[in-house]
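Naming follows writing order (A, B, C, D and E), and every chain is counted from residue 1.
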Amino acid sequence: MDLIIEQASSFAADIDMVILLIAVLAGFWFFLAEAVLFYFIFKFRQRKGVKAQYITGTRKEEKKWLHWPHNLIIVCDLVIIFFAIKVWYDIKQDLPPAQEVVQVIGRQWSWQFVHPGLDKQLGTADDVATVDELRVKVGVTYHFKLESRDVLHSFSVPVFRLKQDAVPGRVFTGWFTPTKTGTYDIQCAEMCGMGHGLMQGRLVIEDEAAHDEWLRNKAT
Amino acid sequence: MSTMPIATTRSMTGIPTGRLAVWWVIGSEIVIFGGLLACYLLLRNLYPHWGESAAHTSTLAGAINTFVLLTSSLFVVLAHHAAERKRHIAAFFYLWLTIGGGLTFLLIKAFEWSYEIAQGYTITANLFWSYYYTAAGIHASHVIVGMIIMAIISFDVLRQRNLPRVELIGIYWHFVDIVWIFLFPLLYIAK
Amino acid sequence: MTEQNFWQKYIFSTDHKIIGMQYMFTGMIMALIGGYFAYTFRMQLAFPGTEVFGFGTVSPHEYNSLVTNHGTIMIFWVAMPVLLATFGNFLIPLMIGCDDMVFPRLNRLSYQVFLLSAIVLVASFFVAGGGFGGAWTAYPPLSAQAKYNMTQYGATLWLIAVALEFVAFLLGGINFITTLMNSRAKGMKMYDIPIVLWMIVLASILFMASVGPLIAGAIMLLFDQTLGTGFFDPAQGGDPILWQHLFWFFGHPEVYVVLLPAMGIVAEIITVFSRKKLFAYKTVLYTAFATGVLSFFVWAHHQFIAGIDPRMANVFAVTTLLISIPIAEMLFVYIATLYGGSIRLTAAMLFALSFLAAFLIGGVTGIFLGASGADIYFHDTYFVVAHFHYTFFPIAILAVFAGLYYWFPKMFGRHMSETLGKIHFWGTFIPFNLIFLPLFFLGAAGQHRRIYSYELFSELNSADFQNLRVLATVALIVMLIFQLPFLYNFFASMLRGKVATANPWQANTLEWAAPSPPPHGNFATLPEVYRPPYEYSVPGRESDFWPQHEKPSGESKA
Amino acid sequence: MLRLYVVVALSFSLPVVASPRQGKQTYAFCAVCHGERGEGNHTVGAPQIAGMEEWYVREQLLKFQQGVRGTHPEDIAGMRMRPMARYLQNTAQIEAVSAYVAALPTLKSTSTLKGSWVKGEVHYKLCIACHGADGKGNSQLKAPALVGRSDWYLLTQMRNYKAGVRGNDPKRDPVGMTMRPITMTLDEQAMIDVVAYISGLR
Amino acid sequence: MSEHTSAMHYVKIWAVLLVLLIISVLGPMLEVKILTLITAFGIAVVKALMVAAYFMHLNIEKRYVWYLLVMMLLVVGMFFVGTASDIMKPDGRNWVNRAAQDLRTPAADVSADSQQQAPTAH
C-alpha cells in the first residue's frame, strides 16, 4: 500500500497491515477457487464417450469437500475480524489524549479549519481560521472536532488513511498524529451537491518552527 | 379475460390462494408501518418534550375512532360470517355498515384535524406533528382504499359472486384496525 | 381461447410470458440509457472538460445527475426487472407446471406501475434544474432541500419514481410467492423445486421484508421536499443518519435480492451444460436462507464512517464478515458441481462460468470493505465502485445474458447464433475486467467516488493515473460496441433463427415440457412431477437426462 | 497506451480556443445557479450577472481562483463560488465565459429590500466619484456598474467589505481595499437605503 | 372454517375489546407513568392479538401464517435495535448530536409554547 500512496500518520501503517492481511488470506482463497474452477472447466470438458458422473453431494465423504473449506473460512474470518476491530478500536473508538485540537467545518463546497493560535488553545482570540488549508505540526497528536453547516460531507485525508463523515447538527471527534512533513490532498468523500467534485483542500504538515512562524504572520 | 387460470385454484399449502396473498400483503404492510413507527419511537425517546405536543391531541376523538373501527371490524367479521352461510343480502348489508364505520372514522378525523390545524398545529409545526399527520395520514389512506375495495366487493356479493372475497377484505380491514390500535396509544395517550 | 388483437395480446396482456417480455424490453431500454450515462461520465473522467460525442460538455451538475441516475437505473430499472420480474414471470409458472400466475391481472398492474415509474424517472431528466444529482443513496439534507441540491423537481420526481418502482415489485413479489407456494404441479414437493425458483421467491421475500421502512422513509423524505417538514432536518430535530439507516436497511438486502436470482439462473445452466446433478441441493438452499437472514444484520457496514456509534460498528463488522461464509459455500457448491461433469461451452455456459469467476473477485474484495479497520480507508473510494461493479455486473449483465441465451429458444421458439454469442461473450467479459481492475488500483490510491474531475487533486492528477482512467473508458466503449452483435443476434434470431424443439438443451425442468414458444396456457396437459430437478447422467439410464415429468417406467433407478 | 489516448482525445475533443461556442458551453456550468439568462437565484446566493462587464467578470473569476475572494469563513456564498471558478482552468475558458456573460441582455433587477430612496440618494454621493451618477461604473477606475445587479447581493457585498470579508488583502486586491473605508461610514440602514436608491437608477 | 362459531361469539369478543379500550383511556388519567405504559401499550398488544386471533381467524389458520407475521415484526425489531444507538441518544462515543441537545432543553419547544393551551377534547 505504501508504494501507491504515502503513509503520513501514526496509524496509516496499521490500516495497511489489515489490508495486507486480508489480501493474503482472501487472496489465497480467491486464487485457489479460481484455479480449481478453471482446472475443472479444462479437465471435465465434453469428450466423446465420456459420460458425466452422478454425484449427489449428500454423502459424507463428498460433503467434506464443503465442510473443510467452510471451517477454514470461518477461521480466516475470525482472524480478519480480530485485526480489523483492533485497528478500528484504536482509530475510531479509543482516542489518545490530545495535545492540540483543531476544528474542521464542512460547507458547500469548502473546508474551513480553525487552528489554535500560539497559546495552543482553541476558542481563544488568537485562533486562526482558514479555508481549504489545514496546517498541522508534525509529531503532535491532534483531536479534530468535525462539523457540517449544511449537508453531509466527509473529511478524508488519504495519506492519513483517515475518513469521517460530517453530519449537520453533530460534532464528531477524531484524532491523528502526522508523522512526516509535506503537502497533501484533503478530499470530500460524501456527495455534497454540485461542487462535490471540486471540494478540495490542502493539508500542510510542517515542523513546529514553521508552524509558529505562519501563526505569527497570520496574527499581524 | 375473466376465465380464472388453473393456477389460482390450486392450493398446495392448504390456504386458499387469495387468503395466502392477503397474508403476504399484510406482512409487507407490517414492515411499512413498523418502519414508520420505529422511527417515531426512536425520536420520541430522544425528545421527551414531545409529550407536551401530544397533550394537544384529542384523546376523546382518538378513543371514539378506536371504538368506531373496532365496531366496523365486528361488522366485517359478521359479513364474513354471513357470506360463509351464503346469506348474501346480510353480507352486503354488513359490508355497507363497515363502510359506514370507515366513513365515520374519516369524518371524525377530518373534524379533529381541521380543529388542530386551526390551532396552529400543522404538519410543519414540529416533528411530533409531522409524525402525527404522516402516520395517521398513511393509515387513513389505507382506510379509504379498504372502503373502495369493499364497495366493489359488496356489489359482487349482491350478485352472489366471489363470496370468499368478503373474508379477504375482512382480514385487511382487521389489519387496518390493528394499526390504529397501536397508533392510538402512541400518538394520543402517551403524554 | 378467443382471438386477441395486438393490443390485447402484447400491451394489455395478462399472460405471464408476455408480461415477462414487457419487463425485459423495458429493462433493455433502461439499460441502454444507463449505459449511455456511464459512457458520458467515463468520457468526462478520462478527458475532463472536453466535449463528449453525443452529449456535449459535462458540467459538474450534470455529472452528478448522470452518476446518480446511472446507479439508480442500473439497480432499480435493469437488475430488478430483468432478474426478478422477467425471469420470475417467465419461469415460475412454466417451471412449476401450471398455466399462469395466480393473479394475472395483479401481474399486469405490477408491470403498468413499473412502466409508469420508468416514465417518471426519464421525465425527471427533462424538468427545470435537471435530474436529481444527490447520489443513488439520496442522503438528506442534500436530497431534502432544493437550496442544497438545486434540483427541486428532479429530486421529487426521482423519489416518486423509486417509490412507484417499489410498489410494482411488492405487487409482483406477492404474486411470485403465492404462485410458488400454492400452484405447484402435482407431486412437486419442496425439494423438487428448481433452485432458480427458490432464489427468485426468497429474493421477493427479502425485498418485501426490507423495503417497508424505506417506503415509509420515502414518504417522509417526500414531505420534507414538498411540505417543508423536518424528518431529516437537524435544525427541526430530525436526523440525517436516520435516513441512512432506513436506506441501507433496505439497500443491503437489495444486493441479495438481485444476487439470489442470478445464482439460481447460474445453477440451472451449469447443471444442464455439465450434465451433472447439482452438488448438495439442500446445502445451496440452506446457504441461501442463511444469506437471507444474515442480510438483515449487516446493513450498517455501509455507514461505518458515516457517523454511527463506533461501538455499534464492531457488531456490524462481525456480522458482515460472517455473511461471507454462506456466499463462499454457495460458490464452492457450484464449482464442485463441475467436478466429474461433461462441460459444453455454449454461450450460455460461458456467461454462467464467467459469472462464477467474476463474482469471486467481487466477493473477495467485499471483505476489505466489511472489515471495519480497512474500510476507514477504502470507504467511498473507487475500490468500492470496482467492488460492487464486480458483484453487480456479473449479477445484472453476465447472469442475465446467460439466462437469455439459455431460455431464448423457450421464449421465442428459435435459437440464437452461438458464434455471435461467443463473440459477444469475449467482447463483454474481457473489456469488463479492463474497466474495473484499474479502478481497484485507483481506489487503493485514494481516489474518491463521484468526483467530477481529478485535475484539482495533485496526488491523483498524475499521468499514470490518468492513463488508467483512459484505459477504463476505452474498455467501456469497446464493451458497449460489442453489445451490437448481441442486439443483432437477439432480434435477428427472433425472426429468422433456427427453429427450436421443445427441449433443445435436453434439460430436466418442467418448462422444457411445454412447446417452444409455449402458447397461452402453456401446457397441453398439465404435467406431474416424479423426481427432483437435477437428475442428469443417472447411472443405468440410456439418456443422460431424466425430465421431472417423465413417468417412471417400472424400472427402478440405482 | 499514450497513442491511444491521443487518438481518442482528438476524436472526441475540440481544440481549446476562446470562441462564442465555448462561452456558451462553459456558461452551462454557471447556469445551474446563475440561471440560463443570468438572472441569478437568491435561495442559493447566486446574484444576477446578465450584462456584467467583461473585464469585471474576468477579474472576479481570477480573484476567486487565486483565493482572493471566497476564502473568508464568513463569505458563505463566495465559498460556494470558489470551487466553481477554480474549475475554469485555462484563460481561454475565462475569456469566453466573460464575453458570454457580458453579452447577455441586462435584466431589470427585482427589489427585495425596503429602503428609503430619499436617504439613499444622500448616501449615494459617496459612490458617484467611481461608480458614476447613473451607476454605470467606470472601467478606468475598475468600478463596475451597479445597475442591473441584485439588490440583496449589493447589500451582502457592502456588509462583506465593511466586515473585512472582502477587500482586506492590500497586496492582491488593492481595488477591493478602496471600497472598505467607504462602507465603514455607512450603518446597516444606510446601506439598505443606498441599495434602494441604486435599484431605482436606470 | 368458522361454521361452529355463532355471530354472538364475535359480539362477545367485541364487548371485551370495548372494555379494554375504556381501561386504556382511563389508565393514563391516574398519571402514573408505569401504569400509563402498561395500560396503553400492554392493552394495545392484547387488543391486537385478540383481533388477530378471533376476527382474522388466526387461531384456526395454518401455523406458518403466524411465523410469517412474526418474522416481519422481528425484522422491524431488528431495524429498531440496530438504529437505536445512533438515533435514540443525543450523544455517544466520540460524537454529540448538538442539534438534538439544543432541542431537548425545554425552552426550545418550537411552536407549541407560543400557542394557547388547546383543550384536550372538543
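The criterion applied here is as follows: contacts are C-beta pairs under 8 Å (C-beta built on N, C-alpha and C of every residue); 3 or more make two chains touch, one makes a residue touch a chain.
Since the structure is predicted, the reported quantities are computational estimates derived from the model, not experimental observations.
Among the remaining chains, those touching chain A as well as chain B are C, E. More C-beta pairs touch across the A-C interface than across any other pair of chains. For chain E, the chain with the farthest CA centroid is D.
Averaging Cα coordinates per chain and for the whole protein, the chain whose average falls nearest the overall one is C.
Chain D and chain E, compared by their mean Cα positions, are separated by 57 Å. For the pair chain B and chain C, the distance between C-alpha centroids works out to 35 Å. Distance between chain centres (mean CA atoms), chain A to chain D: 39 Å.
Residue positions of chain D touching 2 or more other chains, listed in rising order: 32-33, 83-84, 86-87.
Shared interface positions of chain B, i.e. residues touching 2 or more other chains, are given as 13, 15, 24, 27-28, 30-31, 34-35, 38-39, 42-43, 47, 126.
Within chain E, contacts with two or more other chains are made by residues 71-72, 75-76, 79, 83, 87, 93-95, 97, 99-100, 103, 110. Applying the touch definition to every pair of chains gives A-C, A-D, A-E, B-C, B-E, C-D, C-E. Looking at the complex, you find that chain C touches chain D at residues 43, 46-47, 49-53, 56-57, 59-62, 129-130, 146-147, 150, 452-453, 455-456, 467, 470-471, 473-474.
Listed in rising order, the residues of chain B touching chain E in the complex are 13-15, 23-24, 26-28, 30-31, 34-35, 38-39, 41-43, 45-49, 52-53, 55-61, 63, 66-67, 70-71, 73-74, 76-78, 80-81, 84, 115-116, 119-121, 125-126, 170-171, 174-175, 177-178, 181-182, 184-185, 189-191. Every residue of chain A that touches chain E in the complex is listed here, in rising order: 92-93, 95, 168-174.
Those residues of chain E that touch chain B in the shared complex are 1-3, 5, 7, 10-11, 13-14, 17-18, 21, 24-25, 27-28, 36-37, 40-41, 43-44, 47-48, 51-52, 55-57, 61-62, 64-65, 68-69, 71-73, 75-76, 79-80, 83-84, 87-90, 100, 103-104, 106, 109-112, 115, 117-118, 120-122. Only residues 60-61, 63-64, 133-135, 137, 139, 141-142, 148-150, 234-235, 239-241, 274-283, 305-307, 310-311, 313-314, 317-318, 321-322, 324-325, 328-329, 331-333, 335-345, 353, 356-357, 360-361, 364-365, 367-368, 371-374, 376-381, 441, 444-446, 448-453, 456-460, 536-539, 544 of chain C touch chain A when the two sit together in their complex.
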